[in-house]
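Two complexes, one shared chain (chain A), two partners (chain B, chain C).
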Partner chain A sequence: MELVCPAGTPAALRAAVDAGAHCIYCGFADETNARNFPGLNFSRSELAQAVGYAHARGAKVLVAINTFPTAGKETLWHSAVADAETAGADAVILADLGLLAHTAERHPDLRRHLSVQAAAANPDAINFYAQAFDVRRVVLPRVLSVEEIAAINREIDVETEVFVFGGLCVMAEGRCSLSSYATGRSPNMNGVCSPPEHVDYATEGTDSVARLGGFTIHRTPKGGVAPYPTLCKGCFTSGDKTGHVFEDAVSLDASKLVPKLAKAGVTALKIEGRQRSRAYVAQIVRAFRAVTDALEDGRDPPALALARLSEGQAATTGAYAKTWR
Partner chain B sequence: MPEATGNVTIPQLLTTPMRILPLWPVSMALSQLARNLLYAHPEILHRIDKYQNHHFELDITDLPFVLRLDPARAQLRAFRRGAAPASDARIAGSFAAFLAMLHGAEDGDTLYFSGALQIEGDTSAVLALRNALDDAELDLGAEIANALPFLAKPLRQSLAPLERLTGLHLTRADTTPEVY
Partner chain C sequence: MDLTVAPNPFFWSADAVRSFYATLSDAPVARVVLGELVCSKRLPFWQDEIPLAVDSLQAGGKQVALTSLALITLRRERKLTADLLGLGLPVEVNDLSALHHIPQGVPFWVGPLVNVYNEGTLRWLARRGATRICLPPELPMASVAVLAEVAQAEGVALEVWGHGRLPLAISGRCYHARLHERAKDSCQFVCEQDPDGRDVDTLEGQRFLTVNGVQTLSQAYACMADHAVALRDMGISALRLQPQSAGFDALCADYAHLLAGDLSAQALVENLGAAHPDMQFCDGFGRDSAGATWRGHAVPV
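Entry: the complex of A and B
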């Protein structure tokens, strides 16, 4: 199985390649991708160099251009696709119908993957993208069980890629506007969930308090485990209960399910975390490469101990094995 | 390679003399290091971008003073705790946590999740600085040796044994700890 790994910087990309990534996904330093954070992402020349580094070592580079173009500013997204092709990218990861149509028409030789942001979660939707835009691979939303993924794979003729590690969202991808209510900006339109310029941390007594757009969304006692400052992982009072109303601060770890995902017909395993450092990338990639190598050799995959690297320092198998509370 | 940790602290035996150390020579040496480092790695300022003129307080909690970084002027100055001018952002953690992050042995978000690293102020500026330094793949020993060549040989001979002795990440991590 192919291991698709995140890189927020050229250094992280090199770390991923050196640790054994088959594929690395990254984005340009603007709002065309869903990790538009300060100091992160690639310039055009950095991408070209990164592609050279990866190709020389047998790895592929995918460019995420997976936000939804703003009316009147489509040129930014169009030039991102053209520049990814010029840099030698092996594929682009797209979500918007208009951008898919533009790419299929103007860049027919550039391989197209459907981003998780498109939230294509059934065979009809996936087959439509495949027929209309010759999409070759679809990244499945993190709302499906392994059995549902197997059922989808039986009815489609394109590759599927699924997340196996990293942050989780509470909703079907591509549909979350929670952060817009507090900040006016959202992941789908601006490439940022909880834009950092709206995040404020303060120490109150011995607690660390996180605010988003002026709203207190989490309070971590000294020595406690802190989540990302997102509304979905916030701690709120509802009725007489106080807690994580939307979603617990845990991360996905489906490493133990990789053999089942392989049997379900999945082609590629995706690791979340372009916002993370090269230390994270190297450790996670190395660990998951051991899993895919074991699978390839017919051995039992090794048990991984990755919770320390996770948000909330706890892991879940998410919707793959549905056990709703 | 030492265990990845943000919990190793500088022994009191070393921090006590630092309390009476005059800070101006410390500031001079650190600013010289910052100048050399930013000259050798211009991509750092490029990634910090519009936050170059921000001031960052680096509160290394097991040192008796705090550092204040001014990237645009390449200044890294030491102040007694509580006496530093106001900064746009503050990052607090142990010396071990800062070193591990700088040398690519620990992920900044992981340290934040565990409480080993705290941030206050302008979160955007902190992210820009963190990402810029991570991308630069720095090795502090090599940077010091470049700034002060007479220290190159003793640093080369002492860093590895010191790393084993102290558990601090004193050199750039080119390999990662086994996690399975």
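Entry: the complex of A and C
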């Protein structure tokens, strides 16, 4: 199984390659990718160098161009695709119909993966993208159980890639405007969710409060520290219920499900976290590489001690184990 | 410019559905999209109303289309989607997998839950057969203006979200069931208790979001009355109004008067406020701002 690892910087990319990543995904430093954070991502020359470094060590580089191009400014996205091809990228990860059509027509030899931002959640959607744009791999949305993934793989001819570790979108990705409702900036348009320039931390009495666009997302009493106000992970009130209405402050850890995912026909395992440090990336990559190597050799995969690397210190298997059903 | 009624995203009883569409047959709207958008489990409870509603709406001179589900995952949901095509009405695609079932050349509509953000996507859909597209609500006005020009060149009618709680997100998880500490498969249809969704406030009592099964909406009602003239001048051909459980006929009439130029935006907003004292409004997406803002101001607590 292929391990697809995040890199927000050239240093993180080298760390991931050195730690045994089969594949690294990254993006350009602009709004063409869904991790458009200050200080992150690659210039054109950095990408070319990174591809050289990875290829020399047998690893592949995938370039995420997975936001939805802005009307009137499509050339920014078109040049990102062209520049990824020029830099020698092994594939581009796309979500927008128009950009997929453009890439299939103008860059037919550049391998196309369907981003999770396209939220293709069933065989009909995947077969549609495969037939229309010759997409070769689809990153599955994090709303499916392992059984559903196995069923999907029986009906499609393209590869599937699934998230196994890191931040967890509880909404169908690429179809969520919660962030822009509160702040005006969204993953689809700007490549950001709950962006820091709209975050306000305050101490009120003994409470620590974290707001997003003026809306209170967390209020932690008695000297505790309010977590980062990612909108869907917030604590809210509805009728007589107060709590995490959408999702607890957990992150995804499907490491124990890797053998089942392999049986379900999954080709690649994806680790979220282009915004994380190179030390974090190296540690996660090494741990998961031990799992995929064991699987290749027919051994039982080692249990991973990744709990302290999980966001919010608690982990979930998300939709994979069907607990949402 | 005219009016399109969006599919009702909420779970209403069959009786409520019947009376809603019977009344709507006489409303001054040009077209109606109906069908189950949010949760396929609800459909058996009201699907027998659909042909009746179609007949009465068509008798009232309305153009009628059937929506796909917003998130199609299960086998029976895929079959449901494939079957929509055989019903002789235009299909409104709200999950792109519906396109897998629509042959090239067969006309279809595209709903606001499909990501149409740019010219390339709009042109591709037009050439695939799209004749009518409702843009995603979060789209900035500058984008709407660019897309309106392309749509006219491609012969596509373009719609903008005009009124109603904004559809902000769709999930594999059911929040109604979660709030009732139930799993999705044993939800016992608790969403039926909330005909306009269940409100979610911040810990400080700010009114914020509304959950509707697997869907999350804004708690404030989008109202694009202030922007109707600008949208018409751009070439937008319809405003889309989302059903709500009370006062929808009066609301349709007011928006029709607004488009006819015999009711001001201010008067429309005042009418709405008088009829629905608890209703909060927002129009931030029309002002390139946070969607929750209203007329340039943060939503009051």
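Keep in mind that, in the parts below, the second predicted complex is superposed on the first by the 309 of 325 C-alpha atoms of A that agree within 3 Å, B and C clash if a C-alpha of one lies under 4 Å from a C-alpha of the other, contacts with A are read in each partner's own complex, and residues count from 1 in each chain.
Definition applied: a residue touches a chain if its C-beta (ideal position, glycine included) is under 8 Å from a C-beta of that chain, and two chains touch if they have at least 3 such contacts.
The shown structure was predicted, so the numbers you read here are calculated from the model rather than taken from an experiment.
Three-chain overlay on chain A, with chain B and chain C fitting side by side and no clash. Of the two partner chains placed by superposition, only chain B is touched by A:D200; chain C is not. Taking chain A as the reference, the larger set of touched residues comes from C, when chain B and chain C are compared. Within the superposed three-chain model, A:R299 lies out of touch with both chain B and chain C [touch as defined at top]. In the superposed model, A:G214 makes contact with chain C only, not with chain B. Applying the stated contact rule after C-alpha superposition, one finds that A:R57 touches neither chain B nor chain C. This overlay, made by fitting chain A, leaves chain B and chain C with a least C-alpha separation of 18 Å. Taken together, the two structures place no residue of chain A in contact with chain B in one case and with chain C in the other. Against chain C, the residues of chain A that register as touching in their complex are 68-72, 74, 95-99, 101-102, 118-125, 127-128, 141-144, 148, 151, 170-172, 174-178, 180-184, 186, 188-189, 198, 213-217, 219, 232, 234-239, 241-242, 245-247, 319, 323-325. Put simply, chain B touches chain A in their complex at residues 47-49, 51, 100-101, 104-110, 112-115, 118-132, 134-137, 173, 176-177, 179-180. Of all the residues in chain C, the ones that touch chain A in their complex are 71-73, 75, 77-78, 81, 95-101, 113, 115, 117-125, 136-140, 142-144, 146-147, 166, 168-175, 178-179, 183-185, 198-206, 208-209, 211, 216, 218, 284-285, 288-292, 298. Residue ranges on chain A touching chain B, taken from their complex, read 8-12, 15, 19, 37-40, 195-197, 199-203, 208, 220, 222-229, 275-280, 282-283, 286-287, 290, 302-306, 308-313.
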